[in-house]
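This is the structure, below, for whatever I ask next.
Naming follows writing order (A, B and C), and every chain is counted from residue 1.
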Amino acid sequence: MAEIALKSLAHSYLPNPTKPGDYAIREMNHVWQQGGAYALLGPSGCGKSTLLNIISGLLEPSSGEVLFDGERVNSLPPEARNIAQVFQFPVVYDTMTVYDNLAFPLRNVKTPEDRVHERVMEVADALELTPHLKRKAKNLSADEKQKVSMGRGLVRDDVSAILFDEPLTVIDPQLKWKLRRKLKEIHQRFEITMVYVTHDQLEASTFADKIAVMYEGQVVQFGTPRELFEAPNHTFVGYFIGSPGMNFIDVSLRNGRVMAGETELHIGREIAKALQDVRTTNVKLGIRPEFIEVHDTAVEGSMAVDVEHVQDLGTYSILYLKLGETSLKARIEEEQDAPVGKAYLRFPNDRVGLYVDEFRVEVPHE
Amino acid sequence: MTDSLIGTPDAVRKHAATTAARRRRKSRSALLKWRRRGLMAAYIVFVLLPIYWLLNMSFQSNTEILGGLTLWPENFTTEHYVKIFTNANWYMGYVNSITYVLMNMVISIAVALPAAYAFSRYQFIGDKHLFFWLLTNLMAPPAVFLLPYFQLYYTVGLFDTHIAVALAHCLFNIPLAVWILEGFMSSVPKEIDETAFIDGYSFPKFFVKIFIPMISSGIGVTLFFLFMFSWVELLLASTLTATNAQPIASVMTQTKGASGIDWGTLAAAGALTILPGIVVVYFVRNHIAKGFALGRT
Amino acid sequence: MNKVQNNRAWWLILPMLLLVAFSAIIPLMTVVNYSVQDVFDANTRFFTGTEWFKEMLNDPALQAAVLRQFAFSLTVLAIEVPLGIGIALIMPKRGWQASAVLILVTMPLLIPWNVVGSIWQIFTRGDIGLMGWSLRELGYGYNITASPVDAWATIILMDVWHWTPLIALLCYSGLRSIPDAYYQAARIDRASQWAVFRHIQLPKLTNVLVIGVLLRFMHSFMIYAEPFVLTGGGPGSSTTFLSQSLTTMAIGQQDLGPSAAFSLIYFLIILLVSWVFYTAIMNMQKDKKQEGA
C-alpha cells in the first residue's frame, strides 16, 4: 500500500523557468498517508490539477521527487503506478457495457475471467451499479458514468490510491451530495487513499479528513476543516474558507498602541508586544466574522463602529461595518437583534490572529 | 485488497520489476516513435514522388525528356512556363477556370446558407424528402447530365460562358454545401437565435451579424470543398465551353500534337494547376484539422 | 434539437431549390424523355416504352462494365479506408509539422482530375516515367497499354494516391475531437495500443467513416477523367468504367435513347447503394440524439 510523499517538488510548463510566476507548482513538500481521505482545495489555476497529474504520472515534474512508500516513481508511467484517476468529465468506453467497462482494467492485464467476474460484481454492488451492468455505457447519466469511471479504479486490487479531479462538475446538484456520500462510504469500505481536487470548500470539508489548500502553486495549509476555519495559516486560507471570509485589518504600532489607520484597536497587550519585533509593514490582524462580539451599547474594551448595511440570511445576518477607515463583516445569529446606526465590537483575544507577510504568527497568550 | 498485501522482501522484487519495466517501456516508446515517423515519411514520399516527377519534367526541354531518364533537370529551363505565361490561349485557361470556380462558390454559398439554416432549425412539409432528394444530386454522375446540359445551355444561349459552368457545378456543390453547413449549424444551440430575436434583432441582421460569425469555421470548410470540387471537375466544364470560357484542363489537351505529346508544356501546365489548391489549403489549414469532420463527430 | 414547425421556412429554401431544379430536374426530365423514345432527328421520334431499358440490362458489354465498376469501387475502398485510418493515426498532432503534413497530404485532393491522370501518365511511362522506368530496370516488363493487370494495378495505385487523403483527413479530424482525458484514462487502465484504438479511437471514427465511405463510393463509381487520360479505358476495355462507356455512347455514337436508359440505370445503382449508407448515418444520429437527451 502506499504513502505518497512529494519531496521538494516543483513543476513548470516552460522549458526555462526563471521567476516564481513561471512555476505551476512551486517547490513544496507534502505527505499523503495511506488510507486517508484528502481534499486538495484551491481556486482555478492554482496548480491543483497539475499536482494531481504529477502524482498519477501523466506529467513528469521538472524537479523534486514523487515517492510512493519511499520509492522514487518520477519517471514511472501511470500504468505502472497503481493509481486510478477520475476526471472532471466522465470518461467511459462508450461502446462497451458497464460490465465490460469495469472489467477493462483487469482484462488488460489478462486476469482470469472468474476473478474478473468476482471483482466486477463486488464493485458494482458497492457502487449500486448492479442493475445497469448490461447497459451500454454511453446511455448512462453523468453521475452513473462517474461511478463507472471510479469503479474502474476500484476493481483493481493493486490500486492504492484514487485521485479525483473535480469529479462532480457535471453532476446535477441534487445528485451531488448522494455521490459524495457514496465516495465516503467507498473510502471506508475499501480503505483506499483518496485525493479529491475541488474548488468548493463545502465539497472538500464534507469529503475529506484533511484538506490541503493550494494557492499560487503552493500548499499553504494542510489541516482538518476545523483547523482551517479556526486558525488559517495564511491570509488566503482565511479569505477562501468560510462564508463570508475572514476579516483582515492592516495594523501598525504607534506609541505602543495598535492602530488601524487612525483608529486605535482595543486588543490584548500580547499583540502589541508581538508587533514590536516585526520588521515589515505588511502586518494584518485576522478575525472571523463569526467570532466578533457585537453589542448595542459600549462594554469594556469595545470599539464603536458604524453599521452600514445588514444582510438578513434567515438563520443569521451579516453586518457590514466601518471601523474608522476599515470595512468589517460580522455575523450574528437570528435571536440577536441587528443594531441600527452604531454598534460596539469586541475582539476575543484568543480569536485574533496575527499575520505577518500574509503568514500567521503564533502569539503567546498570557 | 488483502491478497495483494506485500511483505518486505516483495518490495525489493517489485522495485526490480518496475525498473526493468521502465527501461523496456522507454526503449519501446522510442522505437514506436521512430516507426511512426518512418511510416509517415514513407507516405509523404509516396504523395510527393509523382508530383516531383511532374516538376522535374516541367523544367526540362523536350529533347532532354525524350533523350533519356534524368532524375533532375540537367539543363534547367523555364521555356514551358514562359510559353504558358506569354500565350493568351494558355493563361486565359487559368483565368477562365478561376472565374467559374469563384462564381460557383459565391452562388453556392449564397443560396446554401439560408437553406441549411431552414433545414437545421425548422420542421416543414416535405423537409426530409427534400433533404434526401438534395443528397441524391450529389450522387448523380456528371456523365449522365452531359448531353442534357449541353442541349439546355445551348438552347438558353449560355453555351461557352463562365456562368454556364458555374451553374452546372451547382448540381453537386449546392447539395454538398447545404449538407456540410447543416451539420455545423445544428451544433449551434437554438437558444442563441431565440435570445437574439428577443433582443430585437431582425432575421437578416441576426443572420449576418451573429449567426454567420458563429459558424465561420464551418463556412471556411464549406468553401474549401466548393473550391475543391469545382476546380477539379473537367467533364462538364469542357463540354459546356468551346473557346471563350475554356478551362485550363481542356486547354491541356492541346499538347497532343501531330508530332506526339509536348511533355514539357503538359507538365508545366499541370504543375501550375496544383498551385491554387496549395494556396487554398494554406489558408484553411487550421480549420481543416477540426472542421473536416463536417461537424459530425 | 427539437425543431419548430414552420412552413415559411420554404422561403429560405426557395432560391436554392430554383437553382438546383434548373440544373437537376430539367436535365433529368430530358434524360427520362429520351429513354422512352427512339429519336431519328428533330421531328421524327417513336415511343419505345421500356425497350431501351431491356436492351441495356441485357447488354453483355454493359454488364461487364457494371461488374468492373463494382470491383474497382470495392477494391479502392478496401485499400483506402484502412490506409486512411492508419495515416490519420500517425499524423503529427501539433507544431509546424502538423501544418506541413496537413498541407502535403491534402495536395492530391486539389489537383484537377485530368491532371491527376497526366501526372500518373508521365510517372508510369516506360521511357520517361520514374516508376515505369524503374520497374523495367528491375526486370519487370511493366506495360499498361498491353497488360490489363498492369493497367488495373496502376489505376488502383493512382486512386489510392489521389483519394486516401480524404479518408485520412476525415479521420484525423475525428481523432482530434477525442478529449485528452480518454487517453489518460486508458493509460491508467493499462490499455494496450490496440485496445485504445479499438475502444476509444474507432468508436469516435464511425461517423466520419460512414461519410468517407459514402463519398468514396460515389466518386469511385463516377470515375472518368483519371483512367481516361491514363489508359483510355484499355487495353481493350479492361479499364473502361461506366462513365466512360456512357460518354462514348452518348457523345461519341449519339445513341440518345439507349444512353439515356443507361444513365437512369447507372444513377439508380448509385442511389440504391448510397441509400443504404444514408439510412445508416441517420440511425447513428438518432442514437446520438437519444444519448444527448
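A few notes on this one:
What we mean here is this: a contact is a pair of C-beta atoms (placed from the backbone, for glycine too) under 8 Å apart; a residue touches a chain by one contact, two chains touch by 3 or more.
Given the structure is predicted, the values throughout are model-derived calculations rather than measurements.
Seen from the C-alpha centroid of chain A, the farthest chain centroid is that of C. The central chain here, found by comparing per-chain C-alpha centres with the mean of all protein C-alpha atoms, is B. Centres computed as Cα averages put chain A at a distance of 57 Å from chain C. Averaged C-alpha coordinates put the centre of chain A at 52 Å from the centre of chain B. Separating the CA-averaged centres of chain B and chain C is a span of 14 Å. Looking at chain A, residues 77 sit in touch with two or more other chains.
Residues of chain C that touch chain A in their complex: 179, 181-182, 184-185, 187-192, 195, 199-200, 203, 290-291. Within the complex formed with chain C, the chain B residues making contact are 36, 39-40, 43-44, 46-51, 53-54, 57, 65-66, 69, 71, 107, 110-112, 114-115, 117-125, 127, 130, 132, 134-149, 151-152, 167-168, 170-171, 174-175, 178, 186, 190, 227-228, 231-235, 239, 248-249, 252, 263, 266-267, 270, 273-274, 276-278, 280-282, 285-286, 288-294, 296-297.
Within the complex formed with chain B, the residues of chain C that make contact are 1, 3-10, 12-13, 15-17, 19-20, 22-24, 26-28, 30-31, 86-87, 90-92, 98-99, 101-115, 118-120, 122-123, 127-131, 133, 161, 165, 169-170, 172-174, 176-177, 204, 207-208, 211, 218, 221-222, 224-225, 242-244, 246-247, 250-251, 256, 259-260, 263-264, 266-267, 270-271, 274, 278, 285.
Against chain C, the residues of chain A that register as touching in their complex are 56, 58, 77-79, 83-85, 87-89, 91, 93-96, 104-105, 108-109, 138-139, 149, 152-153.
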